[in-house]
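Mind looking over this structure? Questions follow.
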Amino acid sequence: MPTVIEGDPATRIEAVSTLTEATPKELGFLANPRYEKQLGTTRAAAVIVDNDVEPPRPMTLLRTAQPYCAIREAVVMIHGFRRHPEWGIHPNATVSPGVKIGKNANIGPYVTVAEDVVIGDDVVLYPGCSIGQASRLGDKVTLHPNVVIYAESTLGSHVEIHAGTVIGEDGLGYAPDGEKWAKFPHVGRVIIEDHVEIGANCTIDRAMLGNTVIGRGGKLSNLIAIGHGVNIGANAMFVAQVGLAGSVTIGRNVKMGGQAGVIGHVTIGDNVNIGAKAGVAHDVDPKEYVLGQPAIKASDAWRVISMTQKLPHKLPELNQRVKALEAELAEIRDSIASSAVD
Amino acid sequence: MPTVIEGDPATRIEAVSTLTEATPKELGFLANPRYEKQLGTTRAAAVIVDNDVEPPRPMTLLRTAQPYCAIREAVVMIHGFRRHPEWGIHPNATVSPGVKIGKNANIGPYVTVAEDVVIGDDVVLYPGCSIGQASRLGDKVTLHPNVVIYAESTLGSHVEIHAGTVIGEDGLGYAPDGEKWAKFPHVGRVIIEDHVEIGANCTIDRAMLGNTVIGRGGKLSNLIAIGHGVNIGANAMFVAQVGLAGSVTIGRNVKMGGQAGVIGHVTIGDNVNIGAKAGVAHDVDPKEYVLGQPAIKASDAWRVISMTQKLPHKLPELNQRVKALEAELAEIRDSIASSAVD
Amino acid sequence: MPTVIEGDPATRIEAVSTLTEATPKELGFLANPRYEKQLGTTRAAAVIVDNDVEPPRPMTLLRTAQPYCAIREAVVMIHGFRRHPEWGIHPNATVSPGVKIGKNANIGPYVTVAEDVVIGDDVVLYPGCSIGQASRLGDKVTLHPNVVIYAESTLGSHVEIHAGTVIGEDGLGYAPDGEKWAKFPHVGRVIIEDHVEIGANCTIDRAMLGNTVIGRGGKLSNLIAIGHGVNIGANAMFVAQVGLAGSVTIGRNVKMGGQAGVIGHVTIGDNVNIGAKAGVAHDVDPKEYVLGQPAIKASDAWRVISMTQKLPHKLPELNQRVKALEAELAEIRDSIASSAVD
């Protein structure tokens, strides 16, 4: 990504920070025009900006077409990624006999690894994780504290799962038995493909039969519920508290806003964008952007919202206007009736 | 449940699977008409169907009035339920002196059982569970990894709780003290009745006074929040991410869709069905089906939705129609005025 | 708070309970007029009521202007707060060398404390907690079982966090890299100020840069998701399942109802009240009360709701009324046309 320096190219940078918090030894950035005013007051030694920003005073700038990507590169270069503690295989971990573990295992205290598990190279299991029987973890898997992997789950390589997330619990599958509910054994599994990252305290149901699949490269935030038998295509990006009911199929490159949900058995096409809090009750074609409850095309949803949620609130006003029309029409009717009498 | 075999009664079945994934040694099923086309392409040795399905080609069928119940029975018969690891009382568990534990205890590593706890027969506590002081667990309770039971909670028999769920934390109870909040001690408790199953990473508040109760046979999915002093009748069926605020009373056989919520102190009658994402703000009579935010009778909600969320979008259109009426009426008014002048 | 006794001042109280559950040795209370009928049937020895309540029969009353505060004081006086188990530093905890721990440490089994952590006096860490490297915990911090504190987090004094909550995980920060997502290292931190209480199974993201801050005295319920870089002012009161996207700024004394959410980069003023299930998409001025999705002023929202969700459902009816107007106007138009022909 081409980056052009304006100002002093010898500026020394020790850290990256926000415009409001940066010290004179730190690099700031402007990726959201909302914060442009902060250029006037920041103490940052230099600022990453896009090609159009005009700063209110002379300052050292790094100009680029994609400031968010540039700031990421700067953070990677200057700060790097998390450094994990080094436990080896901690004596306070419980690893069943016969478990296969690759090179450079880093397994913290109070981790339990059940029988017949196979673990790849360079895996980091933070304290309190529980790996169920016959699960498979690929290379470079990182599980943060208290992650639970139920039996027979498969995690690809470069998978990272944050604390408290649960993979492979039974879904809500019961057959009616009079007023009672008879449990459906969940003999299916979960497959998490390579390069997936999942946030904290999520829940990914195992399938009743077959597999629940989180496709390669997907990024899920926190407190997300994925139902049994869901299949998510590659590169998903889900904000916190999203919920997918059972047997939902999601295409590639799908984004879901916070607290959005999809009812069971629905199919979402590739490159779909689902707005925050949307409630999807029907299949969605590829590339659509949907909003609302039930969700509809965003362009239609905005027309409805402009009637209800935008000032002036046309919907209550409409009621008044129809009342006025009715009154006026009644008058006209009366006058026509009386003129007919004349 | 009467099941009739059509085709080859000597067909051998080794496993149960979905229509798309079944091999020629597996039993498939069709319980949702959405998937009927898959009958044409499945490789399944035989398929469970209802009495009305007409397959597009000759195949071995098991016909029944309730295919979902039949497939469940087949899975139970062929695959059975989860087999737990066998830990006995693992040496890496910490059980306080004086705890009473029944027969066949199966307690994994890193489980903590506090003082004065009483545990029944055939209990399975997976790794990392924490059982608070003076709690009671009935027979055949299964707690998956990292379940937390706060002090003085009561779980009946045949209760199963999935990983990471927390039972008995304090609710959101504070008295105002100027701008600050003064905490209300939560001296009430939680009672989970027999045959309840709760999903992963749920939270069930203890009552401030009295009890929070999850009634017999209830089935709750994942990431569900139950507030302090809630009382849920028997056989509840709650989809993921449901939330009940404090002191809600729920009748028997109530179903709640995903991400639905109920505000505090509301009473929901028996056999009520609450739609996904509904926001219930008032009492609901028995047997009603409610939808929307705030939730209203589904039949009314659908009428509103047909004005807003269904094509053509009548609400924006209505605005145009009223504008047209106003213009036309203005013309008529003018013409009447001018004819009066004549 | 002045409290006046009516009836027998020698009444002996052994416990506090609800009106329906109180025995003749217990104190009941009426803080919500919804339950006033229960005065007629309660067995309570005495009842806390406000100054206006007229009981249906003679009973011993404690009258006060603020019954909820009075009942809290009674519970504190009679029952007190939770008594924790006493572990000292349990031999089954793993505390790294060099960790600094204050007086009266009470650390349960299977707790992990990483390097360079500093812990104050009178701290209680329940079983299974994990305290990441270089974190700081103030005096009188209580962490319930399986709480996870990621590295470099800061908790003030008198902080209480319920079971399963995760503090300091990475947020959903990725830069696009073609169709893939390139992770943004989260080098920022979390600061939880004094006297904050957080419920069970919440998730508080660390900032990408800078800090995520939960202000002094805030009270958060369960299953709440706080995004990276959020800043919450003092005395927040959030009901369960609230979600704040990244970089949201919340003023002082803000209340949020259950399942409410705020999109990224929004600013909420002091003393704002956000209704249950509201979806806030724009800045909110101080002292406003907002509702709906997208959220608008409550007074406007109620006008819209009265058109859609209240009986009679004026919106579907409006459609009928406009149809009738259109038909009638067509008739008038025809009659004018025909009279013009005359």
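Letters A, B and C mark the chains as written, and numbering starts fresh at 1 in each.
Everything that follows uses one rule, which is that contacts are C-beta pairs under 8 Å (C-beta built on N, C-alpha and C of every residue); 3 or more make two chains touch, one makes a residue touch a chain.
Because the structure is a prediction, the values reported are computed rather than measured.
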item: Angle of rotation relating chain A to chain B [CA atoms, steps of 5 degrees]; value: 120
item: Classification of the chain B:chain C interface as same or different, half of numbers criterion; value: different
item: Separation of mean Cα positions, chain C and chain B [Å, integer]; value: 23
item: Residues of chain C engaged with two or more neighbouring chains; value: 92, 110, 128, 146, 164, 201, 223, 241, 259, 292-293, 308, 315, 318, 322, 325, 329, 332
item: Residues on chain B engaged by chain C in the complex (per definition of touch); value: 94, 110, 112, 114-115, 128, 130, 133, 146, 148, 150-151, 164, 166, 169-172, 174-177, 179-187, 201-203, 205, 208-210, 223, 225, 227, 229, 241, 243, 245, 259, 261, 263, 265, 279, 281, 292-296, 300-301, 303-304, 306-308, 314-315, 318, 321-322, 325, 328-329, 332, 335
item: Complex interface listing, chain C residues touching chain B; value: 16-18, 20-21, 32, 34, 66, 68-69, 72, 75-76, 79-82, 85, 90, 92, 108-110, 126-128, 144-146, 162-164, 195, 197, 199-201, 217, 219, 221-223, 234-235, 237, 239-241, 252-253, 257-259, 276-277, 292-293, 305, 308-311, 313, 315-316, 318-319, 322, 325-326, 329, 332-333, 336
